[in-house]
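Shared between the two complexes below is subunit A, which pairs with subunit B and subunit C, respectively.
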Partner chain A sequence: MAFIKKQAQPSTEQTQSTPETRDCQSLLKQLSSNDSTERRWAARDLVECPECANALMQRLKIETENSVREVILTTLTRMGDPVAIAGMVDCLRSEDAALRNEVVEAMKQLPLEVAPMMLGLLADPDPDVRIFAVNVLESLCHPEVESWLISVITYDAHVNVCATAVDLLGEVGTSNAIEPLEQLKARFNAEPYIQFAADLALRRINEI
Partner chain B sequence: MKRILIVDDAATVRMYHRNILESAGYSVDEAMNGIEAIEKALQEAFDLYIVDVNMPKLDGYGFLRELRGENISQVPAIMVSTEAAENDQTAAYRAGANGYLVKPVKPVQLLTHVRLLIGETI
Partner chain C sequence: MKSDMSKIIISEEDFLKFREYFYRKTGINFETTKRYFVDKRLIERIEATDSGDFRSYFIMMRFQASGAELQLLTNLMTVNETYFLREDYQFDCLVNSILPELVKRKTDNRPIRIWCIPSSSGEEPYTIAMYLMERWPGIHQWDVEILSSDIDTGILNKARIGRYSARSVMHVPAPWLVKYFTRVGDEYQICQDLREAVEFTRVNLAEPTDTRGYRNFDIIFCRNLLIYFDDLSRKTAAEVFFDALIPGGFVCLGHAESMSRISSLYKVRKFPQAIVYQKSLESR
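So, the complex of A and B:
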């Protein structure tokens, strides 16, 4: 049964690619090929062409083949330059749920590169982008994570942004989060989920 | 006892839904993403699925498409999302959802939908 698509197999493909056509311009052309295998090879090899980050982002937005999308995101993650990061942030606004989730997972692999943009993402006018930003914080391992989360639950007006931040505070929060969590409970006193999640976070913090 | 699978990557959300459902007399199992949920659906029968949209590895839409498309299960599914827009709800129903709830879900909302879709008295 083929209900779950197989992952790309770069190690096997490595032996099949054709080095003589691996210059950046050729790869860009192959990135638009009708053959998904050719697109996948091109996406992999474009890691040597950082000036092509924008082209990869544009391809990612229209690419329908999961294995090619995975390779494009891996390449962009390995590039890790400002154009690649900005492109990934742009994808957080996509209507495509799968793409958004893939980008969140890719951004989690780039703590140093993503951290400087985090304040901007957490202040984005779109609450969905703020939720995805909190999701990225989950594995960011940055010293400011707790203070960013406390700021979210103190100032963000959107209940689901706060709810996502509370979930994470339950894992990374310290005694600094106790008072803000109590204030959050008072601010959303008619939301059973916030009461449940904040109580859970408070219990975990008090157990530390 | 009716058996429900909660599919959500957020542990707190799974615990919250589990508390509500078990208090109402349902048996509950959990999955952290769509792939784990497919594996569970292949191994045992559930009476209802409660599925988050945004999850790593395989999101809620993907899970429902596989569930319905591969004929793994046709039992009812409630999609749960932070997105309230009409097009998000339409996408959920197109993927195979039978109900749609916007987070944060209140206990009465959840139980009303569950009972309705399982065919119990509300």
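So, the complex of A and C:
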């Protein structure tokens, strides 16, 4: 027994399971296969079929195999087109907590694509959706993040939404946030957590 | 006009703020003892970007849509070097824990396949070959294939040639140096047997057509590469490895990298020598 080199090539089995002629229609069919490996490979290769974003979103909502879900979300994130983004936003309303969290993580990767929808999300009638939108801001590399957060703590009526925004302002806030934070404290003067979080944010901002 | 470097000060709060952020983005955690190392590079970038102070620089870096400045800083904050037997506790883990477990459950005579990416100039795959020859008795019972890939064709050619500096081989035990290398002037030429033991290929991990054929590996070494990737690229790489591994296969990452922060696809395995990541036996 020893080292083998001549067989140390990409496995030929792969060619059989994923032939080179993987057109979008075949991949879509495989996305519904009973075999999770086939579904995962289809989801991965569909990145080259942007017109299939909606089909991926629909599959994501019913997919039970974790590895397939992860790949679908990665593919949708790599597509990053309006259909994919709209589908992700739709998933923020899902009752499936795991799916919501996965979508929040995916949206953080798409600052430029998500930005145009952020004002709408932060004004959504559902406070849970507004909280998820603030969660997205947590790692969203976008220059408007601070002003969006200031807008939340200035206008949002829901204490939990404001509390989530204040936590983040403590990390990214600048002197622009000082007055809105003081106003927030006054607006929610009976909420101990808001007092604590706003004071902490103010202290951090003033330390800089 | 460039600002006066002596006027740029990284305060304790700045350092802690940066450290927390950098850790979250890259998984790299700087101890307080690394303060000088971190401050020096931060000041260098504050100057180069004309940011004036830490606060302006940090905000620019954090909210830059392209993430280019964070990537640049990451490159500066990591020491991009390789040498034989680097982080050798993982090779100890390979021969003392991973391979014994793999062969114990093996029910066929299929060769054990190891994929090493990035190849860089070949020190890591050749180290694996030497470790197997010297410290794994199973090499006499099992066939092993070592495949090593990199995106850089120039570095792959260098790896195939196998000529190294004295610094590169400084951790190689003297008997191994005699056995596997020939001194050529100030350099060391790796022997023909080891050159023939490793197949080098060009692969871009972000390109599905490149990685599609890479399947049925028992072990993947991917050390100190993912720290240079953004989150999405790391996730894509983790998914490529998942498809490339057999059920029960292992991924070994660099000491500052954690799969747990990248993907939930893998199980964490704590061996006495190292923490590695495993595709579950039930996975397909």
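Throughout what follows, the second predicted complex is superposed on the first by the 189 of 208 C-alpha atoms of A that agree within 3 Å, B and C clash if a C-alpha of one lies under 4 Å from a C-alpha of the other, contacts with A are read in each partner's own complex, and residues count from 1 in each chain.
The rule is simple: a contact is a pair of C-beta atoms (placed from the backbone, for glycine too) under 8 Å apart; a residue touches a chain by one contact, two chains touch by 3 or more.
Quick caveat, the model's predicted, so the values are computed rather than measured.
Chemist: For A:Ile178 in the superposed arrangement: first (subunit B), second (subunit C), both or neither?
Modeler: Once the two structures are laid over each other on A, A:Ile178 reaches no partner at all.
Chemist: Which chain makes contact with more of the residues of subunit A, subunit B or else subunit C?
Modeler: C
Chemist: Check whether A:Ala123 is in contact with subunit B, with subunit C, with both or with neither, and answer first, second, both or neither.
Modeler: After superposition on chain A, A:Ala123 lies in contact with neither partner.
Chemist: In the overlay, answer first, second, both or neither for which of subunit B and subunit C A:Val104 touches.
Modeler: first
Chemist: For A:Val159 in the superposed arrangement: first (subunit B), second (subunit C), both or neither?
Modeler: first
Chemist: Tell me which partner A:Glu70 touches in the superposition: subunit B (first), subunit C (second), both or neither.
Modeler: The answer is second: A:Glu70 touches subunit C but not subunit B.
Chemist: Can A:Gly170 be said to touch subunit B (first), subunit C (second), both, or neither?
Modeler: The answer is first: A:Gly170 touches subunit B but not subunit C.
Chemist: Shared contact residues on subunit A, subunit B side and subunit C side combined as an intersection?
Modeler: The overlap between the subunit B and subunit C interfaces on subunit A comprises residues 1, 3-4.
Chemist: Residues of subunit A touching subunit C in their complex?
Modeler: 1-5, 7-11, 13-15, 18, 35-37, 40-41, 44-45, 47-48, 66-67, 70-71, 74, 77-78, 108-109, 111-112, 139, 141-143, 145, 171-172, 174, 207-208
Chemist: Touching residues of subunit C toward subunit A in the complex: what are they?
Modeler: Residue positions touching the partner: 13-14, 17, 24, 55, 59, 62-65, 67, 111, 113, 129, 132, 139-147, 196-199, 201, 208, 212-216, 230-232, 235-236, 239, 242-243, 263-265, 283-284.
Chemist: Please output the residues of subunit B touching subunit A within their complex, sorted ascending.
Modeler: 10-13, 15-16, 19, 35, 38, 53-56, 58-62, 66, 69-70, 72, 82-83, 87, 91, 103-107
Chemist: Would you tell me which residues of subunit A are touching subunit B in their complex?
Modeler: 1, 3-4, 95, 97-98, 100-101, 104-105, 127-128, 131-132, 135, 159-160, 163-164, 166-167, 170, 191-194, 196-197, 200
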